[in-house]
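In what follows, structures are represented as structure tokens.
One chain, chain A, links the two complexes that follow: it is found with chain B in the first and with chain C in the second.
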Partner chain A sequence: MATQLSSRLFHKIKQGGTRWFYSYNRCIVSDKQSLSKHLKREVHDIEQVSSQCPSPWMLQAGVCLIRLPLIEEDLSEFQKRYISLKEQMEYENSILNEWELEKIKQTQLMNDIESGKRDASEMDFKVSKQDYEDDYNQAFKEFTESTTELDLNDADFKNINRRPKDYLVLISKQKLGNDTVWMLPTEEWQEEENLRQSAERALTSHCGTLVDASFVSNAPSGFYKYKFPKNARTDAYVGAKLFIYNAFVPRVSETQSTATFNLDIDLNKMLDYAWVAKDEMRSFLKPKYSKAIDEIIF
Partner chain B sequence: MYILYLWCKHVLQFFVAVLLSLIRGPKIKDKNMSLSCTWHLWGKSFRVGKCLPAISNSLRHYRNRPTHNIGRMHGLEKPKPPPVRKKEVGTWKPEEYKAVKENHLDALNFIVSGYDIVLVEQYAKYVHQLMIKFKQNILEVYALPSSNAVVKKMLGADQRLLKAMTPEIELTMYKRIIQVKDMPSQTYPILLQTLMHYIPQSITLKVDKHNEEQHLSRYQYRVELAEEKAMLQQLYDSR
Partner chain C sequence: MALKKVFFSLPVCSSRWISTSCSRSAGFQGSKANIPLEMKLRMIERKKRRVEKLSKQPLAFIPITDFFIPYSWKMDKRARSKLEISEEEEDKRVLLEKEWARKTFRSRKQESWKIKLLLRHQQRALEELRQESEKLYNAALQCEDLSIPFTCRGPVQSTPLEGYLPPLGGYEHTDPLFSKDDLSLPEV
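Showing the complex of A and B:
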């Protein structure tokens, strides 16, 4: 209806000349399309916006390669006291089991035979239970745990098996401008790439392709934002946003207690590396950076 | 004198008519009237000339002219001004949008295995409780048959076999499985990392996708069935 009228009006106005153009405009605003123009949302194409006003933050992905502890933590004083108390209570409330009853019988029998009360033919066993127990105890003394074979050189930061009771994180010394900075292995995010893929690339480019590491999720576990020093700031970038991904050094086998780390350093990128525990991080990294990593590892 | 009197009278009546028309309003006889109207007063009709545009008739339609129907808004919505966007004072609420479709993982098996049965059962219990707390869809919790590993001691030259000790040691590996289905892919890494951090010494945790093979491994070996199958196979081959 509206379009019909508008066409009729247009013809009329054509006859009348351009004098009535103003009034033509004024009356034909009743189309539903034109109405919606006012109510439409301004939908921005993300690519358009990013090309027009790009963000001044460089996106980076970093790897937090974690070595889980090899031995259990030491028990605290309270825990030790509680455990000993519990064991004592359990022992006091328990009843003798078959093995112990047999053992008592056998020792009694042996004593009686020696003293002469009973005959030697009543011995129905070759090896007494007490003998078994003695052998077991001796074997236990001779046994060595595989963890004591660990090379417990805690001072060497490059040894992956140092400090077997703690969580260790790999940090590397990198060039940032003119300075060398201790930080996690990081790589800049490139387009057509996941953040996780850039994190994996960071690991392989810094440590070589032989490194075994299992990434856990597609989403980053930590975040750190920093500004470049004023010398390094360009028109494009003010600073960088670092997304930290967790990766774990896998256990080689069920029997082996040590961890292995096959390193193939690219010395251009990674000048130096260290396996560092939580309390030692402060001496290497900046406090805010170490705080960001603290939140990731236990 | 008399002519003057008549002229004055007519003028007076004319002005009175105008005044009354202003009060009453015009009486329209037909639509096709020109820009003049007849005013009726006391039976006489006076024609008001074109010199009074202020009292012009706005309801006439000049259908033969191009200006016909301009300004006519019959049946049309009036143009509304664009709505004023008010700034909402308060906290910024982000637009709700779903970036990625939710992804749920298929049936997963959390396998807890170790040589110490107490630790295995306690840790399996912890895994089960964690899944319950996170409100996951737990399909099954079961134990796989335990496997025996026989360790033979090779004695050195100076070592002797102790009186009671046998050269063989049997180690049994105990396994427990917790089967979880439709875990959202966001919670899986969180749960996995907590499990990794709370695992006791000497226990292994393994996470697998649920297979047909793993399902079949629960069933015992059917002796009679296997024999009959073998017989059938022999008959088939002999033909």
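Showing the complex of A and C:
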């Protein structure tokens, strides 16, 4: 009975790009109805069932450690055009300021002195504002922005400051049965702790206690269900339900985050780790797994 | 006092007494010039008490008057000479504005869709959790031990230059924050 319930839990059909239909045990529920209202009935049935036979799914908590972008994205061509238009319009709708008024007065004075209308003794300035402006413009032309920036090694997956414009996620290589698999740091849920604590435990056991990440809520941010490979399946567990918790790495300075990890293969379960952007996830993780994480990162 | 009586005896309707340019509480000119010392001291004491009352209240912030345009700015000599904009240029500008409106609407829609997705994923995870165990589900709904308010420093425009040391020190605000109430006492 329990295995039947778990087989076709979610089957989503995308219609028109905006509406989602969930089918649960072959009955279709529109997203406008509240899912929980529908599931409450079923939960009652499950509880009766689960008291007879426990669920075959191992509960796991995983940590989606996110490094937020360090640098803004570049402005697109259209945005630059719009900004220049707005600056132009602001200039056109503005009034003259004191500098410009002085400039006009000084040019008028100089013209009058040249034409003889006024006396040369009325000059109350040595360097006119126009001359200052010419100097400034000249200096601006000669100015070259130094292009030496901090050396950012984008190719090194272990560098936390790589790809500063993207959201990065930490994934680690772990043992699953006899294979090594790239996945989020996960830990099995133990009795007498709630899921958030097991997620925090996953973080410290895989990455060490030096990582200062901030978890946002007690509720999981995402969900992924998978079956173990056949040699790893036991009588108790067919697969696992992974509840993913979002955590954010703090920023040390304007352009740097730090998180120090110890790759101790015996103590930690982490054989290898990588900071990975959204487009690179497919090459490391399975497609469904990467999709589960993809939409949790903003 | 005699004058006051004359005032009230004027033929005015008692239900609608409209005061004109004379202020009701103005009093008479020069009425405070020749006052005996005792009266002056009494007035000063009354003012002291009023000042004490005011000083007990919290200081009020200076109201912001940035939006009052100085009159000298509205003079003709401050006006910039108007640039001639051709019809083509005007059309281009209008079309650019419209495209901007369309793009910002679309990007806002995308952002709200992303937020909806985040919420949906969380809802789904919670419902799956509920199927497994009610106890864990209730624990997940708790509002304690959350990092609220969640503060996060945003991205910057560019990386700092190599070997650049920013100058030390902070900023000090020197604008007066509080309005100066009329707490000065009159001279005897």
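The criterion applied here is as follows: the second predicted complex is superposed on the first by the 177 of 298 C-alpha atoms of A that agree within 3 Å, B and C clash if a C-alpha of one lies under 4 Å from a C-alpha of the other, contacts with A are read in each partner's own complex, and residues count from 1 in each chain.
The definition used in the following text is that a residue touches a chain if its C-beta (ideal position, glycine included) is under 8 Å from a C-beta of that chain, and two chains touch if they have at least 3 such contacts.
Treat the numbers as computed from the prediction; the structure is a model and nothing was measured.
Once the two complexes are overlaid on the shared chain, A:248 sits against chain B and chain C alike.
When the shared chain is aligned, chain C comes close enough to touch A:55, but chain B does not.
When the two structures are aligned on the shared chain, A:71 is found in touch with chain B and with chain C. Of the two partner chains placed around the shared chain by superposition, chain B and chain C are both touched by A:217. By the touch criterion defined above, A:132 lies against chain B but remains apart from chain C after alignment on the C-alpha atoms of chain A. The larger set of touched chain A residues comes from C, when the choice is between chain B and chain C. Shared-chain residue A:81: touches chain C; no touch with chain B. Common to the chain B-facing and chain C-facing surfaces of chain A are residues 9, 20, 35, 39, 68, 71-72, 216-219, 221, 248, 251, 254, 298.
Put simply, chain A touches chain B in their complex at residues 1-2, 5, 8-9, 12-13, 15-16, 20, 23, 27, 29-30, 35, 38-39, 68, 71-72, 127, 131-132, 134-136, 138-139, 216-219, 221, 246, 248, 251, 254, 298. On chain A, the positions that touch chain C within their shared complex are 9-10, 20, 35-36, 39, 42-43, 46-47, 55, 57, 59, 68-72, 78, 81-82, 85, 89, 92, 94-96, 101, 146, 148-150, 152, 164-165, 189, 194-196, 214-223, 225, 241, 243-244, 248, 251, 254-255, 295-296, 298. In the complex of the two chains, the chain C residues touching chain A come out as 73, 77-80, 82-83, 93, 96, 99-100, 103, 114, 117-118, 120-134, 136, 139-147, 150, 152-153, 155-162. Residue ranges of chain B in contact with chain A, taken from their complex: 66-73, 75-83, 162-165, 185-186, 188-189, 192-193, 196-197, 200-201, 204.
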